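First, the structure itself, so that you have it in front of you.
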Amino acid sequence: MRIIGLLIVIAFGSLLRYGVFFFPEWGDPASPPSLHVSPHYIEEAIAETAVPNLVTAVLADYRGYDTMFETTVIFAAGLACFMLLRVLQRQVPECRLYRHIPTGITLRIEKGGKLPTESGSFERIDSNWVPHDLIIKSTSRFITPFLQIFALYVIAHGHHSPGGGFQGGVILGAAVIMYAISYDLRRSIQRIGEQATAVLGSAGVLIYAGTGALCMVLGAAFLDYGALAGLLGVDPVMARSHGMLIVEIGVGIAVSAVMVWIYYNLSSAGRHDEGL
Amino acid sequence: MGVELFSDIASKYNYLGVVILMMIGLYAMIAKNNLVKKIIGMNIFQTAIILFYVSTAAKRGATIPIIRHGHNGHGHEVIHAAEYINPLPHVLMLTAIVVSVATLGVALALAVKVYHQYGTLEEDEIRGQLRNK
Amino acid sequence: MIWELDFIILTLVIFSGIAAITVKDLLSAAILFGAYSFMMCLLWAIMGAVDVAFTEATVGAGVSTVFFVAAVFHTTRDSKD
Amino acid sequence: MNTILSLKPLLAVLTSLLAVPGIILSRSPNVREGWTFAAALAKFGIVVSMIPMVLSGVRLEYTLAEVLPGLGITFRVDAFGMLFAVVASSLWIVTSAYSIGYMRGLQEHSQTRYFCFFALALSATLGVAFAGNLFTLYLFYEALSFATYPLVTHHQDREARSSGRKYLFYILGGSIAFVLPAMLVAYHLTGTLDFTPRGFMGGIESKSTLLVLLLLFVFGFAKAGIMPMHSWLPAAMVAPTPVSALLHAVAVVKVGAFCVVRIITGVFGTDLLAAFHFDTLICVIASVTILTSSLIALTQDELKRRLAFSTIGQLSYIVLGVALLSQAGMTGGMLHIAMHAFGKITLFFCAGAIFVATGIKHISGMVGIGRRMPVTMGAFFLGSLSVIGLPPAGGFISKWHLVLGTVQAHQYAMLVVLLASSLLNAAYFLPIVYRAFFCAPGEAMFENRIAEAPVWCLAPLVVTAVGSVVLFFYPQPFLRLAALAVQTMTGGG
Amino acid sequence: MENLSPHFPALIIIVPLIAALLTSAAGWLNRRLCFHFAALGLFTSLLVSTGLLASVLDKDVILYRLGGWPAPWGILYRIDRLNGLVLVVIFFIAFLNLIANKRTVEESFPEQLGGFYALYVLFVTGLSGMVATGDAFNLYVLLEISSLTGYALIGIGHERAPLAGLNYLFMGTIGASLYLLGIGFLYLMTGSLNMTDIASLLPGFYGSPVMVLAFLLCMTGLFIKMALFPLHAWLPNAYSFSPSASIGVIAPLTTKVMIYVMIRMTFDVFTPDFSFKMMHLGEVMVWLAVAAIIMGSLFALAQTRLKRMLTYVIIAEVGYMVGGFWLGNRMAVTGAVLHILNDAVMTLCIFLAAGAVVYQICGDDFEDLKGLFRKMPISMAAFTVAALSLIGVPPTCGFFSKWYLISGGIAAGHYGFVVALLFSSLVNAVLFFRIIEIGYFEPFSEGEGGHGVHHGPPAMEIREAPAGMLACLLLAAVSLIVLGIYTGDIVTRIIDLAIPPAI
């Protein structure tokens, strides 16, 4: 296998290497990609959409349809992980570990066992629990709000600076994931349940598709945000900018929710019991 | 010829990097035995393609594709295409990155499932188990 | 765009890529993959693709690595190759 | 010759198809058989009602659907098709009656399925008879193969399965591997598949192409049983006897022969064959089959197998007759479709009746049986006369024309073949009759009290036996149809 | 709102997308609604696509600017006769299979109904989007949607399904990435992503090796995805272990849509001139297809399980279409396009029948099928019709596409292809009659040789499949014959006009 692989790879590589001879020089301002379609974006985007970040303008407007499916891809991945991994039959784990908070004694309860009656001061812990996690917990408690605010900023400010729905959404999701890692998965799921992630995931994509469909209802083409001008009370160019913001928010919601969803399923192998 | 070749390499070394990364990724996918290694290889392969696209966007003497003093379209100076890097491949590659992470998620989910089924991530061991059955 | 820097990072990317697929321990491989992604992100930032770099930093170096680690924790760290 | 649009051919094909739901949904066997008879009679009526028009030189045509540009499911009734349709539809009535007697007599299972596929097979047979182009012919040819498979394997035991395999292997293999490519090449070369009285391949110059196509067609229509594509036929005799009777003496094998004749006349055309001297080639192929199969038939002890090999030989008479390309030869070949059908079906009916009454399959067990079953064996005698070609049976008429045809075509070698094979026919049939009547029955015969088969079995075989005698004295309907067909095909007066 | 018909091209994709999202949400809120959302979405799309086909028949080409941007800058949907037809087929099959498998889905995934149906509808969305789009990169995104959902739909099966799904994912990702790279090469040379735009710029680069590479990369990627012979290894495992409900839509559609995409790429992006005349690829491809047909048929012969055997038949069928297409003459291309349509419906029918059998007898070993005609007559009748169509017996539709393909082979003088087609027909006959024979004959004991076997009550209580499944199965079987009879119309009114005159 190794040798076959090597041969295939070398054949493939030399074929591509041969092709590279005929490429335009790297960074050549006169190469076709720089001359054909992109100049329109660079020169007209600001006049047509009022968004200075060209990537956002192209992403959410000119090629907004691609982006809608990009979000759908993420959503599909979330669904796929859910379908593949999630174990919904409630099964009692082999053993559970409980820690008595005041004393720090760990109780190991075998399958089917019950917790002592005065269970108020017990907390369930993961099997790979480490006692000295104060620094991690405090740091994450400290960082999480900033992370979330930054994520919102990235989503909202994507028009003017690098960033946008995806990046912001991933950061927002990462904040939750960090919480789940530093505390434990059960607590995170208590806060943001699986149902919430799943429904928010579809809601986010639905915001995107719904915005597009609204434009269609208003008589323009699908995703032609200019049609929203009347609804938003601004001129069509600004309406495009606002429309992009709406869909970016949708993307942000969907991406963050789905990232968390995938993490839940992946980190507990679908049992939503013990995470990392 | 040698000089020509060298100057060709010098002016296109980025594309060569792409080719090398693709070879690495493809090799891992074909020849590696471990499923997670294959998945890593797959991701390297995908990022190599992303690098290729990003390289096509590069433009000497241009800056990042965010219009300066262009707030709300009031800065009425003429914008020259040569001043900014081509944004289109960037957009495409945002999509490609997202696709690759989605694929990664599904691949890992499948790998975890395979592990739970066979107790191993090595392909030859799995194949051996299947043959014995 | 500084080509020297670009070239150095490209070399680093390639090396971390090779390292990620050759190291025996899967957890190390996951972390090396994170490093690879981060280098890649730097490379793109240098090439002016700020949005792509940003995305790669969050998605590639961030979430992907977490996914890898999560999967490795649920399977095994050992690998024969 | 004028052509008129008419729904009748379609109706004739569809009648038995339409009876299928009725057969399936019938609650009692009597209602089911009622449907079968109704369809059989209706079909015969429709077919007969077209005879006068066909005889007056009108061609009835109907296109069901244009499935490919310029190529449709087209029915066109000409004299030759008519001749075959009359034979098939008239014998269906008789066979239906016989089936009832046979199937009930033996208490066979799955009778509904049997009658259902029986009806389907008849639809397909008429479809072949009325096909207006090669494509339609192929369509119904294939349909017939599939409709008869459940009939051949009716017993659903091990023997039936292996015979079924052989049957499909030859028939389907021949049609897919030989006929289909040949048809496509023909279409590619000429741009049409419509049968014309003088053939549509006239434009092709290349002798080798024509030769390959001709051979592909002749051997591809494996139902015609031309050696070496014949060995499915004896195997298929495991089927219930009415199936063997109707399908393997009348419908299936005759469809094969019919197709070959169509290819010779409607696709290649007599002029073309004569021009390239392919007629001799086909004659040789046919005569080899005739002689070989007759010799094999002599060695068979199982009655139905002997009849099967006899059928193989008789089919090649038809091919031989048409390939002679002489007026009388072609007439004889076509007539033989009808004459042989009546004769052979009688023989099969008799074999079945003997089996129903005694359970005997082998000729060696039939010594002296004529005394117990005089009617059956009498009919058997008439049937064998017809097949051998002796008066006063219809077979004489067709064989007479065939012999005349060889003389007309100056193919004296073929004349020898015909006469030799007639002798062989006599050699393998007449001893059966002789021993049945004039030899003392064996020990087993005395112990069981054997009588004639039930009346449902007996009546049909009497009818067909009488039919073949009547055809000797009154062959006009078939003769006129055959003569008309030959006239249009050869263009001569 | 008054008149939505100009928006049809967008609606065919948007409606199932939104339906999928609602289905998924309904899975968490009210599980009973899932099926209704999914079915409604697909049915609406079926109606819309039919309307679209009707209007494209007199309008030639319908363009739709998504986001209102003109062509090279925005994304364009381009519906012509050909993909209008393919779209109808996609939704017809997806809808029928959904209805047929309602019961099996409810039994296999009682808690995850929403997830399953959402994946299902998203899969169909991806496929239809790929067919409709006029933008090379948009095609990639939609390809990934259908692939990702496809991996999941396969991976949720039993036995070796997860492993097979993972292998499929690796192969699929390589395929999609190669396609992406090919598009990247095209973009590097032309600077455009719009198919028509690329095609118009292409003549300037006809000689360039980069173009050749781009073409090879795109095609290789698609060949992997469509499982053309040497690249087919992922398919049999992936298809034979997945649930009936998913395979009923994946098997008929994936490979066929990929072949359509190949046709689209060669016609609309690389132009027939380049693809057929400059590449000199035709001969190689046809021989590959011949190999695919022969190897697929031979492998199929070696199988002892029904679904697995069918997967190899699919591989052979891919060879039909690829070979027909690369013969490059009008007859053969017509055959290839017609076969996309016919093979999709045939595969649907045969997999539905196999699904019904598997559902009733819980197994698909040939041994399990004994005496099935008596127990499940209607399902087996439909199976027989589909089998006849796969063998190529008139008047089922399989015959007619084979007719065109063979005629094309004869016209091109490529007798290897003709022989391969006939060989595969014969092998199919053997394959399917082997099964029909097993199903037709009751289990009989070894010693018994005589006739008139008496039949006791069947050992297992096996009954006919549920009514919904049967209805869909019969509809599929009937449509095989209807398609066959209307071949003439389909060819003259749709396919003939859709194939570029250059061929």
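Per-chain numbering from 1; labels A, B, C, D and E assigned in written order.
Here, a contact is a pair of C-beta atoms (placed from the backbone, for glycine too) under 8 Å apart; a residue touches a chain by one contact, two chains touch by 3 or more.
Just so you know, these numbers come straight off a predicted model, no measurement behind them.
Think of each touching pair as a link: the shortest run of links from subunit A to subunit B has 1 of them. Where touching is counted per the definition, the chains common to subunit B and subunit E are A. Set against the C-alpha centre of subunit C, every other chain centre is closer than that of D. Farthest chain from subunit E (centres taken as the mean of C-alpha atoms): D. The interface holding more C-beta pairs in contact, when D-E is weighed against A-E, is A-E.
Between subunit A and subunit E the centroid-to-centroid distance comes to 32 Å (mean Cα coordinates, whole Å). Subunit C and subunit E have CA centres that are 37 Å apart. Centroids of subunit B and subunit C (each the mean of its C-alpha atoms) stand 11 Å apart.
Annotation: 71 Å between the Cα-based centres of subunit B and subunit D. Contact with two or more other chains is made by residues 13-14, 20, 22, 26-27, 33, 55-58, 60, 62, 64-66, 88-90, 92, 94-95, 98-99, 101-103, 105-106, 108-113 of subunit B.
Residue positions of subunit D in touch with at least two other chains are not found. Among the residues of subunit A, those in touch with two or more other chains are 16, 21, 23, 27, 31, 33-34, 37-38, 41, 53, 55, 59, 63, 66, 70, 73, 76-77, 80, 84, 162, 166, 262, 266, 269. Chains that are in contact with each other form these pairs: A-B, A-C, A-E, B-C, B-E, D-E.
The touching residues of subunit C, when paired with subunit A in their complex, are 1, 50-51, 53-55, 58-59, 62-63, 66-67, 69-71, 73-74. Across the complex, subunit A meets subunit E through its residues 15-16, 18-19, 21-24, 31-38, 40-41, 61-66, 68-70, 72-73, 75-77, 79-80, 82-84, 86, 88, 195, 198-199, 201-203, 205-206, 209-210, 212-213, 216-217, 220-226.
Of all residues in subunit C, those touching subunit B in their complex are 1, 6-7, 10, 13-14, 17-18, 20-21, 26, 29-30, 33, 36-37, 40, 43-44, 47-52, 55-56, 59-60, 63-64, 67-68, 70-72, 74-76, 79-81. Against subunit E, in their complex, subunit B makes its touches with residues 22, 26, 29, 35, 38, 42, 45-46, 49, 52-53, 56, 88-89, 92, 95-96, 99, 102-103, 106-107, 109-111, 113-114, 117-118, 126, 130.
If you check the complex, the residues on subunit D that touch subunit E are 65-69, 71-73, 106-109, 135, 138-139, 142-143, 146, 150, 153, 155-161, 164-165, 168, 172-173, 176-177, 180-181, 184-185, 187-188, 238.
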